[in-house]
């Protein structure tokens, strides 16, 4: 049935115009006034958040069949500069990312309700409003048809997450907020903007095309410089040494860390880098110039160094943050391998890692809500108090390490295949070593949570889980992580479609 | 009234002048009528300028002969795409400011409200006159009207305002006199005062060091008036110590209109070929602009008062526009013109927000921003938007003019200018987020501060206490304009600005 | 600073001097300034406007727009001085001084003391000592009317001889100021109050601007006085002549009033109690 | 040498103007007293006025009031007979502007005097520094 439909679409058209991408972006932005208006009644306010989240996911989802059929959906918003429009385009790559983030928003919203109420946080209205806004920006990045639009949403995301990161409004939040802005806004203005203008000047366009736009129009030397500008300039991708904001940003409430710093913000960074590599530079051109190794090298360095730091981090969220930094570079590494499987693996990792890492963050938050503990060293024996949470944590960890039966295995498998395909055996080694490191910093937590002598155990007494709304989401995402192992569609298909469009085969 | 539309250019200067006179008269009898009368005049002018712009778009250049005398003999108004566009924005900015000024004008100039509005109207009359005139000497007269009223409006502020006002007056008079001298030399050489007429005669006289000197004098005079970097010393103090309503009027408009005058004189009187190809001033002026951008930004960093910080940003912004213009290519010039209108709105936005905060706290030190996000959420939201626009974040309009300016710099291969723009954007990030941090993180009042803001009822409790309604209206409209100008900047550039640039640029 | 300024100015002066060789000689009748536009004025003024004084014709007609704003500048200056200096609430001065006219004694009356009525016996004087100088007083009283008359002549005869609104207005204003100097500020403001001078000042500019706007309403352009020819007995040329006259009268009124207004504020530092 | 001498003599008006401009500007830069600065400004403006007026001169010409008979009998007017009227008109405007500027300048100077009690720039500067730089002036 679906296949037949697909065929029809293929025959009918390749690109269709529709307002749906815009609606998908606006769905969350439009509920903001409602959220603010109903600030007097928390239930109604949270209802609006949920409405926005579900609506957004449904709109995104409704475009999935078309995208799976190989169709692109386009929507031009405004011709803001001659030759450069604000334009949205839904392709496989963007769909993959939008699907992940909009789906996880629903779960995070549920979790937020539990978490924020559980801790009786202040200024919840502001929190929900900016959360919704940042989701708009995230999907906006996913659906951007050109670099200008992407830049717009990228900046919007930075600014709308700033109040979330600094939600506590204390001295620590202030310095973290500074770091956050310094790295992210600073790099985007100081590096991305000039690079973007240089490309616009040289090529006269900024559209993402399957073969890139700079090929042949910009000299090799300039291209390598631009590549560096983009890889470092999209500091949300946290390629070292532009990673320092991420651990700092962990002062945010946990749902924020969970969604934004495991899914939305950081993935926007790597997604943007992936877009640059595929849509602006073009894999062919990069291959010709031999820049693949350069990017891979940067990514590999980040992977190893961040894993080593994560090993020594005591704060759970800090450990997760450094783990995230490493995992992000997997994605960049995968895409930069320029081999088919490598790219599929990299793109797939956007989704797989998201599910795994959000589980871990949810668990960290649940532990904090239930016990107030934030450090790994204080979690010995916690499995007795919170068995469900810690089970979910275990599954999430497995997924991030890349072991079956979790989704993370599939992406990592493709990554490994990719290194072989590309003949980058050094990278293969790095992948394997880093997986070991991943295991080394996650599994002891789980092990000591469950298996420890009673004298060592810091927790006693009966099972006391976090509030339901804090508990259900991690269980759900953990479950989904496992489901994705057995049934990695539609992500795998989307990733393949995306790669197909780029490599043309 | 169909016949009236041909007199639109005259209406644009005659109506505010008439309103100023009537306000002066009426005020002696009933001071309540001053504000409505001024607003009515503002509305008429806005309508007239929009209409005029529409006419320019459809019919091309409009020439209006005053007294019915043909150009070299009489004075003409000459409205083309360039000044038509700027006129619309300037009238709008002036109108919004007029509306916003109500409360604080009544508070600050209790007994002289009529004189304030009359001077206000005379000031904008002068600016409108500068914008539409096609006569080099007439430009000087209107320049002086705008300046003279500006000195008075600035000098009325408290404390150091008079001193700043007098300094401004001395510098401004030097500037205007240099310009006048330049025009005098041109008159000696050509025998004409009409811009187009002079432009027709001058090429026969090339190369002549007298023309070069006339050019330098005119430019130098206007540079003083627009506060280009080494000549900027009068500006920060003048804008800081002026009453808030005045700085939000003078800051967005004066420098921009002066930059327009520079463009007009360079392009229409001396012609593009002369200014860019015959003489080698382009490079030095560009470096001045770069110094202005970097210097203005850095000096803004060391300020502890909101208005002074904004004033130094204005100094940097002048560098943007001057630099963009003197890049001498299409992108740079488009950027400069676009930035004139964008910057007028952006500066209005931040200065109005500063005025609103000053009204509520009685203080414009940065520390007075404490707790402002709670206390004046809408005002601060608008200020954030204005700040983002000055930083250059899309989709606010500031991004797009910066886009053109930087592309112009890249096209001209002028790395220094590009770097300066980016540095200034980064500095603006620091500047504005420092303000926002204070407003966001620091609670309303922490005790033990030696010189604290005046105590008001309800102090300490973060209750929402927004700006006066009129001001809020102006603020929100400005914010909307920031976004609209951004979204339509493509159209503005292709349909208007490209028509306004010299044909040589293609 | 001083030395630096001197060097800068010498350089600047040298620069200015260097170009003088390219400028025409003094009194050169064939210079561009004298041959391009100005012959038009000289040769056509009479037939265009029937005003023999070319300066007046250019001032009020050919370049009437400049002059309109020139008047507006003067008006702005008056307004600005008022705005900057005027202290509207009448703060009672510490002490007032009165002269007993019959004896010539000077009385100093502290705040709170009984203030005598101004009458034939007592005259209030400024706190800065002002001699009771009868000669100056009387001379000025005699001269002032003639000066004023001359001022009116200068305004009215501007068409045919050197003169016009500005010149006449300045003379008229000077006459009033002369009176104020020779007597005192209060007796002047009793004759021409601040309010009247402000109203007259704006009234004068309104006359000018109104004439210009009237021309629009009559179907001609702004400040195109030939539009006034719809009034009976006027042809376009004489309409211009009358237009110029009206405008010059407006200028005269404005200049007179504003000069006086500026004087009031500058001389009394805004209090308008006492001054020179 | 002689030619340059005659050139200078033929253009002595510009010389005078340049010297006056230099004097005016020097006073504005070097003098510490605000009123002296204002006087310098006026000299500067006057120099430019002089420049314009000297442009209008024509050797052998009279003032620009056209000789005319009464009624229709107007004879040919020769431009060379009358001096150039335009600079005079322009300078009437410039004089008015400079007077107006002077008025405002004096008004501002007066306010400064009330506030600081002096018109010497360095003394004013001392008083400003004496105030705490960060403090808002509440007087005035």
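A, B, C and D are the chain letters, set down in written order, and residue numbers restart from 1 in every chain.
The rule is simple: contacts are C-beta pairs under 8 Å (C-beta built on N, C-alpha and C of every residue); 3 or more make two chains touch, one makes a residue touch a chain.
Here the structure is a predicted model, which is why all the values come from computation and not from measurement.
S.K.: Identify the chains in contact with chain A as well as chain B, in label order.
M.R.: none
S.K.: Between chain A and chain D, what's the gap in Å when you average each chain's C-alpha atoms?
M.R.: 69
S.K.: Between chain C and chain D, what is the separation of their C-alpha centroids in Å?
M.R.: That gives a centre separation of 18 Å.
S.K.: CA centre of chain A versus CA centre of chain C: separation in Å?
M.R.: The computed centroid separation for chain A versus chain C comes out at 75 Å.
S.K.: Distance from the CA centroid of chain B to that of chain C, rounded to the nearest Å?
M.R.: The computed centroid separation for chain B versus chain C comes out at 32 Å.
S.K.: For chain C, which residues are shared contacts with two or more other chains?
M.R.: 16, 23, 31, 33-35, 37-38, 41, 63, 66, 70, 73, 76-77, 80-81, 84
S.K.: Which chain B residues sit where two or more other chains touch them?
M.R.: 137, 141, 144, 148, 151-152, 155, 162, 187-188, 193
S.K.: So which stretches of chain A touch two or more other chains?
M.R.: In chain A, nothing touches at least two other chains.
S.K.: Output every touching chain pair, sorted by label.
M.R.: A-B, B-C, B-D, C-D
S.K.: Flag every residue of chain B that touches chain C in the complex, lowest number first.
M.R.: Within the complex, chain B contacts chain C at residues 3-4, 7, 10, 14, 17-18, 21-22, 24-25, 28, 64-69, 72-75, 109, 111-112, 115-116, 118-119, 122, 125-126, 129, 135, 137-138, 141-142, 144-145, 148-149, 151-153, 155-156, 162, 185, 187-193, 201, 208-210, 213.
S.K.: Which residues, counting only chain D, touch chain B once they are in their complex?
M.R.: Interface residues on the chain D side: 21, 25, 28, 34, 37-38, 41, 44-45, 48, 51-52, 55, 86-87, 90, 93-94, 97, 100-101, 104-105, 107-109, 111-112, 115-116, 124, 128, 132, 134-140.
S.K.: Can you check the complex and tell me which residues of chain B touch chain D?
M.R.: 137, 140-141, 144, 148, 151-152, 155, 157-163, 165-166, 169-170, 173-174, 177, 180-181, 184, 187-188, 193, 241, 304, 363-365, 451
S.K.: Which residues, counting only chain C, touch chain D once they are in their complex?
M.R.: Of all residues in chain C, those touching chain D are 1-2, 5-6, 8-10, 12-13, 16-17, 20-21, 23, 25-29, 31, 33-35, 37-39, 41-43, 45-47, 52-55, 58-59, 63, 66-67, 70, 73-74, 76-78, 80-81, 84-85, 160-162, 166, 262, 265-266, 269-270.
S.K.: Which chain C residues qualify as touching chain B in the complex?
M.R.: 15-16, 18-19, 22-24, 31-38, 40-41, 61-66, 68-70, 72-73, 75-77, 79-84, 86, 88-89, 195, 198-199, 201-203, 205-206, 209, 212-213, 216, 219-226
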